[in-house]
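Okay, so chain A shows up in both of these, paired with chain B first and chain C after.
On to the complex of A and B.
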């Protein structure tokens, strides 16, 4: 048995549940015979990957679903051996170059070179190019992105790139201008509700519309999350009740508690405790950016309207620094300390006003 | 040739019953010390005479002679070391010797002592003097230059082949176990034997466990006291912690004596003693500046005197003999001034523990008025003069700016009480980190970043009245490195287990937590990962302790923070065909085939 998310993933461009107009455009693009490099971006759980897979199927037929996992080995200029996992079919290869950290440039260059240098055998029945899917392009180092720019042009005749990322803001303009940008926006709550209902129908379950709506609301318009939530609801309690408990990931609960601690007391001692909790989150593999985002969301919810703007600005400032720097804890902590100080000052002032 | 051969057979037969078989000859080494001493004595006599007679040009064999050997202390009174320490070692020596005499009845484990202290504080000198006073046969281990050096080379090439080279480790074991059994042939009977090890074979630094085993073996079989001497330093890996962990000290009943840098008064005495022997006169100011420059290091002090007295090719003694002109005196004065800058103070490093204390307790000189008055509106920024310079403190620790800031970061919170000051300190860490992000200027800016943090902490902590040095707080080691390592290892593990998902980010934040709830038929490894990383209650990965204490003389070894390569797959190069159809869609048209290229 597999997850519903994978089980009920549409495999055909015409079967997609939302953004149908865009799907039609993509279809036209494929039937035009050729297409440029693509940059697919959008929030997580919006269906980028689904769209890419559908596109591949449209291009090459069912052959793209015969997948194999390979370990590729590369050597860096400093003679360091690196290994990366790729998922490939006969027509495409998918890789997440940011897996190897700072050595991503080598992977991007070498992998593209090897793929692009092998020609397709039967050009009349197949396309004359292969497709390389690069995931998490926004996490690539600047070095790798610049290397990519050159490689993209060089192997244009034999290979097409599909770049996939959450935010196009971290992709250098040189790459953006060489690709056709495809933005996949997050589905609306109503769209999620319909998808949930179709999924439940396929599983021959009946879901009360109220519950579907609650799940959709709680999923932050992330379809993957919504389906996962729905499935875990099913595990916890069936038949569904409209007001049943929707499980949240443990780390989110933990992060919320952490935010509460910050609001409760503003002191160095508390800060030390919070630091410990951030380390705990990191050890549970929650990336720093996610922690930052989650904290901001909770803190803003907890503070007064006039502070919201200031806190958000601070968060943006320190998030930027987190990206620049190499020790995330300094910046997260600086943000928390700043918040504590602002919040404390605000509390003291409002107390003074009362008396 | 004949004699050598005879010697060889004779030697071999005598050690046949020994349980350590080796062809190398150790007892030569045993006598080294005695020979050295005899040589030194003659040299000493000759050297002093010739030097006094002819300056340095006269004595041909004393040109390279170091005064350290020449004026080595001969009696207990000559030692500049604290009297109590010397007594402590002496009583231990006498006690252990008497215990060793009737070892069959009383002794449980062989007496071992460990002397630690900074370089040049008289550890070796005290042992040598005591050995002389108590009339002990002292055997010192010297690392062999070459593995085959202990072999007899009788000129026949085939004989050479027969002799197998022994490792340094074997030689050391051989030495330490044999030296305490057999007395030297070259020395008349003495009241006892003493083994001294100052030079540790390099192998042991890499594999301290081997050394521990040797010690345990010695403790069981040894029949004479053994003394191990370790110089501690602020940089490099600490031998003391590696080779003599606390548990071993307790287990083998090792007596540890830690020496301190020598006090200025004892140093002044040493200077006058040496000057007396060498017939050199130094003025009081010269004397003081030399003592100050040596930083409690006798060896350095004697070197300084020797160097100071004979600058360049012209000897000062001869000059004084020739003339006492005005020009000469002027030159002398210049020499004194320059001596502290050119000969230089000894670079003494600071232990991380002390460095942290200097920054965080930030003592200020309350007597002195700050230079330059600040205008009224900046009065609250005014601070007393600092006792220690932040940059100097940092440069004397042997850690990188990164580590230094991390240590400060991990420990400063217990020195602050107000949230407002925390905020100010905290932002400085963020600033410091931003300064040194640019790769090209990292080397230079690293120091600045440490300076930014240290200065800002010193400045702001003063504002917090309770912050400065009222009570003692323990220091802890930063967790960041271990957290980072766990994070990376975890990522690699997750990637290994869930190869079919290309997105790591969503995998960690969304799929794994929910898989924990849904739990489809995942394999065992996946279930384990889910349990470990998805749950906060069950998967307590981080140790619950508040952190590891930083002990006073500990040296922090830095991690390789830049290795981002995931841990190697336990079974690499397996063209594994993961059951995508099972995990994706169970339909007929999803065919998985073996991949062959």
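On to the complex of A and C.
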């Protein structure tokens, strides 16, 4: 039995639940039998991948759903062997080059060239190009992105790229100018509510509108998360009641508690305790940006106007440094220590004002 | 044997010639996808290159038989650097284009090893001054190193002596965006040509030509805003035009489509953002920025548009503007390093908020 998220994923451009106008445009785009390279960007859970798969299906028919997983081997110039998993059908190949870290350039070069240099023999019954889907383009190194540039132009006749990423600001302008950008905004709360209701209907369950709305609000406009939450609610308690509590991811609760600890007391001892908790979060592979954002959100609640701005700027500063360094714990801890220091100063000053 | 290979060649090497054959439609029974306009309208001769008079004059001289220096083209993307050298090569060598030109770009492996082997081997071949048919042609080959700024320093060093020693039979053409990333010894061996960003008139004229030929339906003002978005990058403008045309078909392109394709943040969002900054409420700002990130707007684009707005606004004095612009630069740099969008936008906006509400002197 598959999860609801996969089970009820639309497979057809015309069956998409929201951004229908955009879907219609995409359909028209494919209808001509050809399309430019695409750069699909938007926050997670907005339906980027769903749209891409629908597009492929529209283009090639049901054959795109017969997937096979392959392990490809490449050799770097320094004779190091790397392996990467690709998911392919007869018509497309999907790869996540950032899996191999700094060697992504080799993967991009080799893989694209092998795909792009094979020509379809029988072009009357098939499209004459294959599609390569590259995931997480924003995590590609600059080198790999440069490697894409001319390849994209040169092999235009045999292959199309679909690049998929969360933020288009990390993609170099040279690539952006070669692609048609497709922005996929996150669904609004109302749209999520509608989707939740249709999913529940398909599962022949009934969901009270209040509950659907609460789930939608808790999901931060992330549809995947909303559906997963809805499913876990179903496991927890059925029939639904409007005021049933929605299970929050436990790391979120944990993060909130950590923030509370920081505000309670500002001392090296507390910092040590907090460090343990941060380690715990990192071990469970919670992305550092999420930790930063979560902490910031909780911490600013205890500050006044001027301090809020200051704390935000600190968070931005340390998060940037984290991207350049490679040990996340230093930077998160530095942020917390800095926060403790300015917060304590702020408290002492306001105490002094009282007396 | 030789003749046999020559006979086979046009068929097997169809890959690159395809754009050519599509235009004549010479292959019947084969449904051809329309070529991208960027390729279709690439200049075929040096004369057609838009707006780069100095370069064109020099290159035309060389076509008439003057000597041909090593070239270094630099300039912003989409100004015609690659197009120019490709057109020149075609004009110069005609049929022999393939055997006389070696094109290497960042998508090829270009470490020091490749420079030592591939480039050197190619450079060492001699070229005759007659075509196989007996027509005269220049007696050298051209090696095009596209995107040379992404070559490693070691590889660039390896080029130095090769470039001089083979000067009898080979010319190099380096193409890059930033001349500062090419090592000094190489730049001093080449004659440098800067490609200017194209002027608005030229861009509009080209776009008009293309839209007439492709019978694009567009509302008035669309081409102008397209030019504004593309910032002098002709390739970007043409890609956007074609994308918009494909998306909308015969319905006609309107301004919103162009803005959407260009990924521009709509001005009403920007205005709202400013209003919120004026209200001095951190909570409102936080919700709004969360929404904005959820809408998927690119933070880099937002920074660019904010800059335009800040510089021309009347509400801030010069000192405030400079504080904000300073922070803009910092945030933009951080974004390029891969920092989180939400945090950087918040950082930026809190500075603006502070300047708007507390620092008015």
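Keep this in mind: the second predicted complex is superposed on the first by the 350 of 355 C-alpha atoms of A that agree within 3 Å, B and C clash if a C-alpha of one lies under 4 Å from a C-alpha of the other, contacts with A are read in each partner's own complex, and residues count from 1 in each chain.
The rule is simple: a contact is a pair of C-beta atoms (placed from the backbone, for glycine too) under 8 Å apart; a residue touches a chain by one contact, two chains touch by 3 or more.
Just so it is clear, the structure is predicted and the values come from calculations on it, not from any experiment.
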item	value
Superposition on chain A - do chain B and chain C clash or fit	fit
Touched partner set for A:225, first chain B, second chain C, both or neither	first
Which superposed partner A:325 touches (first chain B, second chain C, both, neither)	first
Which of chain B and chain C A:27 touches, first, second, both or neither	neither
A:256 touches, of chain B and chain C: first, second, both or neither?	neither
Which of chain B and chain C A:82 touches, first, second, both or neither	first
Where the C-alpha centre of chain A sits as vertex, the angle toward chain B and chain C in the overlay (nearest 10 degrees)	90
Which of chain B and chain C A:96 touches, first, second, both or neither	first
First (chain B), second (chain C), both or neither touched by A:271	first
Nearest-approach distance, in Å, of chain C Cα atoms to those of chain B in the combined model	10
Residues of chain A that lie at the interface with chain B and also at the interface with chain C	324
Contact footprint of chain A on chain C as seen in their complex	15-16, 18-19, 29-31, 33-36, 38-39, 77-78, 82, 105-109, 111, 113, 146-147, 150, 177, 230, 233, 235-236, 239-240, 242-243, 246-249, 260-263, 280, 282, 286, 290, 293-301, 331, 334-344, 346-347, 350-351, 353-354, 358
Residues of chain A touching chain B in the complex	1-3, 5-7, 9, 11, 44-45, 49, 62, 65-71, 80, 82-83, 85, 87, 94-96, 98-103, 133, 135-136, 166, 222, 224-225, 228-229, 231-232, 235-236, 247, 249-251, 253-254, 266-269, 271-272, 275-276, 279-280, 282-287, 290, 318, 321, 324-327, 329-331, 333-334, 336-338, 340-341, 344-345
Chain B residues within the chain A interface of the complex	402, 406, 409, 413-414, 416-420, 422-423, 425-427, 429-430, 432-434, 437, 479-480, 483-484, 486-487, 490-491, 494-495, 499-500, 502-506, 508-521, 533-537, 539, 541-542, 562, 564-566, 568-569, 572-578, 580, 582-586, 589-593, 595
List of chain A residues in touch with chain C within their complex	25, 28-29, 32-36, 41-43, 46, 77, 109, 112-113, 117, 119, 123-124, 128-129, 138-139, 142-143, 146-151, 153-154, 156-158, 167-170, 173-174, 176-181, 183-186, 220-221, 289, 292-293, 296-297, 300, 305-306, 308-309, 312-313, 315-317, 319-320, 323-324
